[in-house]
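Heads up, the next two complexes both have chain A, just with different partners, chain B and then chain C.
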Partner chain A sequence: MAKARTFLWRGGVGAVFTVVLLPMLAVMYLSFFDQEVVSFPPDGYTLRWYVNAWEQREFSRGFVNSLQLAVVATVIGVTLGTAAAYALVRARLPARGFVNTLLMGPLAVPGVVLGTALYVMFVQIDDAIDFQIVATLPGLIAAHVLLTVPWTVRLVAASLAGLHPAAEEAAADLGARPWTVFRRVTLPMMRSGVVAGALFSFIQSFENLELTLLLVGPGRSTLPVAMLNYLEFRVDPTLAAVATVQIVMIGALMLITDRFVNLSRVVS
Partner chain B sequence: MTNLVIDGLRRTYGATVAVDRVDLEVAQGELVALLGPSGCGKTTTLRMVAGFVQPTAGRVLIGGTDVTQAPPYGRDTAMVFQGYALFPHMTVAENVGFGLEMRKIARPERETRITEALRLVRLDGYAERRISQLSGGQQQRVALARALVVNPGVFLLDEPLSNLDARLRAEVRVEIRALQQRLGLTTLFVTHDQEEALTMADRLVVMDRGRVRQIGSPEELYERPADIFVASFLGRCNILSGVLEAPGSFRAGGLLLPSAGERPRGPAALAVRPERIDIRPDGGCLPGRLTMVTYLGGMTEFHLETPAGPVLVTKPTPAQGDPLRALVAGDTVHLDWHNSFGRLLGIEPEGDLP
Partner chain C sequence: MAALVVPALLLVLLMMVAPMALLFRYSLNIYSATDLMIEAVTLQNYVAAVADPYYREVLATTLRTAFLATVIALAAGFPAAYVLARMQGRWKSILTLITVFPLMVGNVVRAAGWMALLGNTGVVNTALKAVGIGSVQLMYTPGAVVAGIVTVVLPYMILTLAAVIEGIPRNVEEAALNMGAGPLTMFRRVILPLSLPGVIAGSALVFILCMNAYATPVLLGGSRFKMMAPAVYDQFVRTTNWPFGAALAFILLLVTLGLTMAGSALLQRRYAR
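Up next is the complex of A and B:
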């Protein structure tokens, strides 16, 4: 009986994993097909799509652009988001629920809507005070910070909520000033939340298409935008190759992060 | 010389009065225990001394300096928290050294003092352990060492033993007291365990709903409680209510009972400790019928029903052959006690009793 239940449980978990992972595995598999128009079974296997991706200048430039953008947006978003989460959990803010909802907002609004709204707003600002934000890097970074803040706030607040303030009080009692308490006690204790926030922020920003598409400047395409552009002219497994590289990269990033903090503990 | 003076301290939370005009002085090297039922304001008082809670009124003076407005890091106090509040991301040595680091003490001296403090709490050899690798009792000692190592002007402890099992609690109790005396620390100790308070403190403060009921040595409070609340909170006590008809004649259940102390005539209560009552076959002041005899090893408890109400008597367990040994529920006996053991106290409203 117990055995049957264990079997069912494992089977269920396995099924869920398969459903989640299957598309990813399929993409990885496709990237090795030796034909332009994908069909099954494949004619043979090749690495030429990887070579082709490597030779596309748009992809390498896009990759560098995406990387820069994601790093900057993550640094800014994690700093702001951590501060906001700390205030939300520890300070008795009067409009706490409202502020929290506001900070989570960008997660609830579809990316295209958010992007359009930002585009319109940037144009209005340009009209009003003659200050160009549309199609500039700072404008794009600001938009991506909107993506990184909610993730950080959510993850840091979750890790902070489980911490009893007594350790911080103990530090203050032993002579630590507020900033020292934060740096030496609070921050290390919510480290896993901050690291997880940074990881998710980075991924969100790196792979974002909708916002970027509407706000990006000419010649500054990010990798997702470059991929979309490529798709307009050719449909071959090159994109699958690029996606595979991304999947492997992000997977590696997660594994490395997991070595330092227990991600599953923070995220669940 | 660092003494602690609490002067008219009061704290309200909305309509709740958590602490109400508490006055107290803790002399240099003295250990004072705050004792009282749950919610009586012990923790709030302690936290006002440490600086975590701002008083609504009153002052806190440490070594003669008014620190009422000073932040926690500006006060010469060190506190041992109820759940220890250790820093989980630091080693034992880093935990203990934190206060020294904040006081900008150079590394070589810091290391010597950490080693010394860990030896003091018998944790030498544990310096590099993580907090999660320690047992509850060991964590408790790290918390002690972390507070002691800074040699605080005022040492504060909030129920530091409540997470330990009974055996360890008795052990650590003695250790804390010995350390405190050796180092001559001015100490304020919160507990709701009366045995802990009686065995550790130089003086006790019994609190009730934010107010101080009585301050005194353990002996004073036990032998000469100021009111029924203190009498029944500290140790066990028989409270017999009756009327004081004339000085020296207290009547309860129709009988005159031995009593001492001055009180105005009228309704009064008589407090008699269970160990002060003698049981005789006849000739005592108060007849009673045994309802239960409880053998506790060293001690035996006799529960009786008397005209003045239920009475508890405790005696060292009588030897074989002692007539007391043969007593069983249902037997009728007589009780008696010396005048001086019957303490007259005022009657209090029902709800005021612990």
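Up next is the complex of A and C:
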């Protein structure tokens, strides 16, 4: 009786974790099917859909666009976010709680609503001073930087909070200039937070759909937008191959991030 | 040194606070087919959205889906979170990684997986045919959307709950068991009340995510199944009625926020003893 209960309990919990992983496993499996129409069991297995996916302009361009966007947004966002986190932890800020809430805001406002609001503002600026932002890369980058700031602030602030400022004070007392103190003492101390912030920011920007939807220009889709447009018609092994590439890439980044920070503390 | 916070703060003010304020202002304007918008301060867009049976149905669909998905995620996530919280060492970090990983992969990829599983010639239907039940329409049903959303939000629920359950000392469980409580009584009288903050935080977070789901309902629900986030998007892409679209966006925000706060307060009062 007790054994049966333990078995049921373990089986149930195992099933929950399996269901979470199931859609990703299904997509990876599908990408190796030898036939174009999705049907089980497959006729055979092949790798040709990976070649086929890369030869489709929307996917190869989308991949390159997403990569560029994520790299630039991460570099800017991590710089801004790290500076802000440092001030948040070490400086005597007026209304620190409020500032922190504001900086975390982009995580709380729903993506579609924020994307819509940005779209409306960009169009109005365009109308008012004839300066196009909608459907341009700078506009999209600015929006994605917004996504990366809260993650960086959270991760860097967490890594700084546990460190004593005495080391920095000692360096300053021994005659180091502020910039030297920052470069030689502070930066190495918060390295793990900065690296984790950068990796998370990159992932967030790369896979973002909702904020991006309204802001991309025609022919300049990011990878998630290209996948969404394709999926509105069908799912096939070519799309599955693209999705698998994204799964593997993000998986690798996660494994690297895991070496720098405790992941369970990051998300909740 | 405090100045270091200024660039990031400026960015958030310019790119989040300002556009949101602008969107809210536009929701009070009047739509005009010729001039796009006429400046006004009126609630007529909100009234029109609430009075329109189509958008009432969209909101009702969104609420039903979000409630159902939140309840399922809580029921399925609790045991998983308990196991994760009580695990130790290497396996714990592996299981944590397995939980966080899907969060990072993105909703579009996971929706594609469900499309492969639930399609008419997909895995599930092939299995059903094999056991003699025959093909069932699974894609483009509310059930497919709920299944898709639940897998999207489950990791958030598990991680939030596990963080709280980890803080409950093991010996309170043992004390209850030693004094003769069965496992179920122990769970109901000890674990559940102590993990209430996690239940509230997790359900609130998951409910908000469900209410704002975009990719999952669009891809798994088909054209006739409409939720609020896609409806807001359509309003700006397919029509030019900005004031109405802005009002829809703020109705979504307010309903989500209001219900989340009311739900948390209710749960808190119920167990505050």
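FYI, the second predicted complex is superposed on the first by the 219 of 268 C-alpha atoms of A that agree within 3 Å, B and C clash if a C-alpha of one lies under 4 Å from a C-alpha of the other, contacts with A are read in each partner's own complex, and residues count from 1 in each chain.
Just so it is clear, contacts are C-beta pairs under 8 Å (C-beta built on N, C-alpha and C of every residue); 3 or more make two chains touch, one makes a residue touch a chain.
If you're wondering where the values come from, they're calculated on a predicted model, not measured in any experiment.
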Review point. So, A:L67: does it touch chain B (first), chain C (second), both, or neither?
Key: neither
Check your understanding: A:R92 contacts which: chain B (first), chain C (second), both, neither?
Key -> second
Review point. Should A:A176 be classified as contacting the first partner (chain B), the second (chain C), both, or neither?
Key: first
Exercise for review: Answer with first, second, both or neither: which of chain B and chain C does A:A167 touch in the superposed model?
Suggested key: first
Practice item. Return first, second, both or neither, reflecting whether A:L137 touches chain B, chain C, both chains, or no partner chain. Key: neither
Review point. Thinking of the overlay built on chain A, is A:L146 touched by chain B (first), by chain C (second), by both, or by neither?
Key: second
Review point. Of chain B and chain C, which one touches more of chain A's residues?
Key: C
Review point. Does chain B (first) or chain C (second) touch A:V13, or do both, or does neither?
Key: second
Exercise for review: Could you tell me if A:V75 is touching chain B, chain C, both of them or neither one (first, second, both, neither)?
Suggested key: neither
**Study point:** chain B residues touching chain A - in the complex, by the definition given at the top
**Key:** 50-52, 71-73, 77-79, 81-83, 85-89, 98-99, 102-103, 146-147, 150
Exercise for review: Write out the stretch or stretches of chain A touching chain B in their complex.
Suggested key: 164, 166-167, 169-177, 180, 184-185, 188-189, 191
Study note, to complete from the structure: Per the touch rule, the chain A residues reaching chain C in their complex are 9, 12-13, 16-17, 19-27, 29-30, 37-41, 80-81, 83-84, 86-88, 90-94, 99, 102-103, 105-106, 109-114, 116-121, 124, 142-143, 145-146, 149, 153, 203, 207-210, 213-214, 224, 227-228, 231-232, 235, 239-240, 243, 246-247, 250-251, 253-255, 258, 263-268
**Study point:** Touching residues on chain C, where the partner in the complex is chain A
**Key:** 1-5, 7-9, 11-13, 15-20, 22-23, 26, 76-77, 79-80, 83, 93, 95-117, 119, 121-123, 126, 148, 150-151, 154-156, 158-160, 162-163, 208, 211-212, 214-215, 218-219, 229-230, 232-233, 236-237, 242, 245-246, 249, 252-253, 256
